[in-house]
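Before we start, here is the structure in question, set down as structure tokens.
Going by the order they are written in, the chains are A, B, C, D, E and F; count residues from 1 in each one.
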Amino acid sequence: MKFYPTKLLTITCEILAKKNILDIFTKYSVTGYTSYEVEGRGSRGLRGQGLENEKNIKVEVVISEEKLHDVVEEIARTMFTDFAIMLYVSEIGILRTEKFS
Amino acid sequence: MKFYPTKLLTITCEILAKKNILDIFTKYSVTGYTSYEVEGRGSRGLRGQGLENEKNIKVEVVISEEKLHDVVEEIARTMFTDFAIMLYVSEIGILRTEKFS
Amino acid sequence: MKFYPTKLLTITCEILAKKNILDIFTKYSVTGYTSYEVEGRGSRGLRGQGLENEKNIKVEVVISEEKLHDVVEEIARTMFTDFAIMLYVSEIGILRTEKFS
Amino acid sequence: MDFLELIQSNLLTPIVLFFLFGIITARIKSDLKIPDAISEFLPIYLLAAIGLHGGIEMRNTGFTAMLAPMLVAIALSLLFTLNHYQILRRLGKFNIFDSYALASTYGAVGAVTFSVGISFLDNQGVSSEGYLAAILAVLEPLAFILAIFLTNMAVSKQLEEKKKSFGSMESKIDINSGETRSNLKQVLHESITGKAIVILLGSIVIGYIIGENGFSSISIVFDELFTGAIVIFLIEMGIIAGQRLGDIREVGLFLTSFAIIIPTFNGIIGVLVATILGLSVGGSVMFGLLLASASFIAAPAVLRHTIPQAKPSLYITSALGITFPYNIIVLLPIMFTLSSFIHNSESINLFHHVTNFLT
Amino acid sequence: MDFLELIQSNLLTPIVLFFLFGIITARIKSDLKIPDAISEFLPIYLLAAIGLHGGIEMRNTGFTAMLAPMLVAIALSLLFTLNHYQILRRLGKFNIFDSYALASTYGAVGAVTFSVGISFLDNQGVSSEGYLAAILAVLEPLAFILAIFLTNMAVSKQLEEKKKSFGSMESKIDINSGETRSNLKQVLHESITGKAIVILLGSIVIGYIIGENGFSSISIVFDELFTGAIVIFLIEMGIIAGQRLGDIREVGLFLTSFAIIIPTFNGIIGVLVATILGLSVGGSVMFGLLLASASFIAAPAVLRHTIPQAKPSLYITSALGITFPYNIIVLLPIMFTLSSFIHNSESINLFHHVTNFLT
Amino acid sequence: MDFLELIQSNLLTPIVLFFLFGIITARIKSDLKIPDAISEFLPIYLLAAIGLHGGIEMRNTGFTAMLAPMLVAIALSLLFTLNHYQILRRLGKFNIFDSYALASTYGAVGAVTFSVGISFLDNQGVSSEGYLAAILAVLEPLAFILAIFLTNMAVSKQLEEKKKSFGSMESKIDINSGETRSNLKQVLHESITGKAIVILLGSIVIGYIIGENGFSSISIVFDELFTGAIVIFLIEMGIIAGQRLGDIREVGLFLTSFAIIIPTFNGIIGVLVATILGLSVGGSVMFGLLLASASFIAAPAVLRHTIPQAKPSLYITSALGITFPYNIIVLLPIMFTLSSFIHNSESINLFHHVTNFLT
């Protein structure tokens, strides 16, 4: 089994920011992602309890290094001031490189 | 605090593939795992909405390097063609090695 | 885009241990975290089905190396014997260091 | 009420209208959705209600009346499954896996369709035999077991042929056929302990034990709320069916026709046979509906494990996106008209002759 | 029953008491909470019930009666939104984004408030015009569309001014205004396919089609359970409102006063206008409530995307934490007293004169 | 109806049968399960219904009647908790933590058990005193507070002894006892704001305020659906109890006997004392049931934080897997027979003597 190094981008943000993020993915032809609801605390206080619209989500995307930078740059530029959002990158190994863009 | 390097295997797949994965774990005596429901998009389209059986899950397992290869090999061989599935490996540090097999 | 290396601490534990963990975070002024419900199997058997109090959760926290050691040490010391709990650390890259303590 | 009036009056019930509403909701890409917990709970509730009701009725009628219809239903279900397979494999040119998966999807029964049928009859002021719930429970795993058995047989045969050509692969094939056998045992266990069957059988037994008296304290929940609950569930079913409509291209013309013609054929046979067996107007409709319905909740859960090579988009889309709407909107009134006709008209004499002849 | 008695008898209904209970629950930091799936399902259920009810009534009364109230409601809603903006921007000194967001939050309507109003009238043994549900559906997206349109206009103007000073940024601004236009189209689509509107309009149509007869089989779920369902929902609303109470400091004195005075003003105008238009006692109260209510479920969903620069803590907290409790506890009885008074007393003559004069 | 008939007629109610069904479901490893959101919501609903009902009745009877039973219940609950501890520690040889945890689990009350009791009496056409809901609310946190207090005392004593031997560890121990004190305060807060108590007390107060009249609009939800809701909840309870059955080996023979004998003892004492206090047939049964019941929802939530050293598998398994089924299937009919007997037969004279003597 050989694992090819690639990147995992993890974004934690308010649920109403999800649409914007998926739009950015589409713009850069990032087709795969995984997401789920979480609760969390950050600089904007406790989130994820109460109204549906107040929930937090995590979005995870296996992504090539080149696209990573474009996507992160656009998210940071267009969303960081107005939304509760946090992101980080980690190194992972995958089996087949062709599956992820 | 000393952290011992080990592996984390993350599998994202359709919910009906979970049983197969857990069976493979059992076969290789991997006793611990963590799993949860997610939604996602991949080569098989959007998943995780609608019918219960159409959901996606993530399964995470802290695992030693040796077992990792057997488990990944068997998953790739028996499941990649028939199921919506994606997996990746990352490096983590744990406190006590004896707890994970 | 420059990513600054920092740590991600991931804790998987029984839901009734969450309060203790958040208390430890507060003690060390770790203000941000993300958490969600999971099911899992470990040395204490299958968890996350049945009664609400039997669920498992994951708590993830982006944290500086210094605080990491204090937090992990205190969790290990005060909780490992009495609670179903597992933790690991991984390396991640973030955009701005000032946001995480 | 003639047939057109009936189909119209059936189209204009809350159940059908909310189902159509769900479809539209999905087509215009609204974010409306019934929360998962509710739509997972509702089938359990519906089956419990059906089971209790059936059990209570069976207490009055006893078991013997059930025997003949039960055996006939089993025989027809197996026959139909084999028939579907031949049609799909020979005429439809589907591969062996898709053929067996689809054959059993249409040989199996749909509990949601059954619920809608009960409600439809209720609306017409007609009742049906309680033991039909028991037949529902027995038929549910049957077609799958047959299909899995046959698939495994076919796969083994293929493997054996390969074995002859490549002597060296022996050990691996042995493992595989071992897996196959344990698979079948597992599937049997899973089918019988599947949640739909368990809640249905359990409720039948409990209904049988408690009778009308014991039921009175819970009848408001398990009887009076029934139609309202179906309405809510059908919103979600409509949404999911609507999301599937886009995939119909994938299903193709052959399978689309199959998904309409086969239920019609099976259902009409069912109504006729049930009438011969002496079932009531409503009972014959429900018997027909059992045979006409396709499984879209149980099927994926079973087939993904047992015939993972089959494409779920085929069997889910056709069963949920085509057959289910067709069954509850068009076929149900057709079968009701037919059943009323052959029960009431003089043609009944013919059937009496047949029945007398057979017994 | 005089006003004080009424406010007291309104305070002491299960709905209001369980809402207050929820607030207390949150303040003492209890872990009580209604599971998400239930509190997401309940608004869907409530809107379906309201819609069905409205549709059934409209079948009896026809559409023409609806026209005038609908148009007047639209006009008032737009006027009020502009009025709110002026007050917030000039007197309140809020920035342009917060001003538009708040203006439309209070120009829009609250479906939960509407449900409580229906229940309140029920409790008083008074009915209201069925078409008010249709007005609810139409008003829901209106104020947002206006606010978004005006915000985009304002932002474009700002950008153009900047463009003049920095010639080099042209390209970027063009992209932005392109985004703006597509944004507006998207918002329109999203507003109209938003789940609240879809379920409400769908249920109105279905109610209209099925009428009293078709409704009878589901009336236990969609009519008799209504008040109990609201009670459960208001526990959760109370909990959330209670959690928001701590943020009232952030809201400030100006906005707190705004959140009480504006609904009172809008509501009373609404009752008077509705009475002139010939609506019943109950109908006039509901018409006033539509205009008085602020949106706290739909608003965040729309505004986070369209005016992301606005602070949600302002518009959610004031609408849910201040205006909603005020509306259902204090303003509702006030409007009911007013409506009863002008409908029953001799003052009605005055209105007849006005009406005669207008027609 | 004699005792055997009663236990039979109790076994054959929907509630008990669906509970047994749940156990079987778990034993055959079916995948049937009530979605989390539903099974988290149902206890809230049940407690609200119980509280409203209790509050409405208390409005009729006033508070004074409640005083004596309340105080006696508190005293008995504390006494029993201490008694359990002695038995577990001395006879059972459990360690100090497990002993206190188990003692308080059985000294506390079970809200679900209480709901089943209410339904059982309903089924028998017997009513009970409304204030018992208030006693339920007060008893709920009591045994825990006592157990935690005693555990902390014991731990402090242990630590102090160690302190004497190892002078150097002083500082650490001081920290610990500081933690202990703040712990107790926190537990008090958490117990009193725990969701069960909050919804129960809140509903009692609201029921008291609204009375029969205010209740009528929500009685279909909070009264008529009650038994059906319990049935659904008991399916899930049965499933969980069934999953626990496998752990009974871990529990051991001693604790298994304890889990049957102690509730029987406590319950019978409860029935006798309540009869002496003048409670009705039904009221005495419920009073006995309060004392007989063990806590399996609140207990883990409190004990995991306050006595984390205790093994949850012990106290959850015995309370939910053994005592709960025993209480609702066997002990409830026993207590009902006993209560009917001593209320109706001549033996009542004896009690009158005792009562006269005591007052």
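The criterion applied here is as follows: a contact is a pair of C-beta atoms (placed from the backbone, for glycine too) under 8 Å apart; a residue touches a chain by one contact, two chains touch by 3 or more.
All values reported here derive from a predicted model rather than from experimental measurement.
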Labels of chains that are neighbours to chain E and to chain F: D
Copy pair chain D, chain F: interface residue numbering same or different (half cut): different
Between chain E and chain B, distance of the C-alpha-averaged centres to the nearest whole Å: 47
Interchain centroid distance [CA atoms averaged], chain D/chain E, Å: 44
Euclidean distance of C-alpha centroids - chain C vs chain E, Å: 42
Junction residues of chain A, two or more chains touched: 36, 90-91
Per-residue multi-chain contacts in chain D, two or more chains: 33, 35-38, 40, 220
Pairwise chain contacts, counting only pairs that touch as defined: A-B, A-C, A-E, B-C, B-D, C-F, D-E, D-F, E-F
Touching residues on chain A, where the partner in the complex is chain B: 1, 3, 6, 8, 31-36, 62, 90-95, 99
Complex contacts: residues of chain D adjacent to chain B: 33, 36, 39-40, 239-240, 243, 296-297, 300-301, 304-305, 308-309, 316
Complex interface listing, chain F residues touching chain E: 35-38, 40-41, 44-45, 193-195, 198-199, 202, 205-206, 209-210, 214-215, 217-218, 220-222
Interfacial residue positions of chain A with respect to chain C in the complex: 10, 12, 36-43, 56, 58, 68-69, 72-73, 76, 86-91
Partner chain E, residues of chain D touching it in the complex: 12-14, 17-18, 21, 24-25, 28-38, 119, 122-123, 220, 224-225, 227-229, 231-232
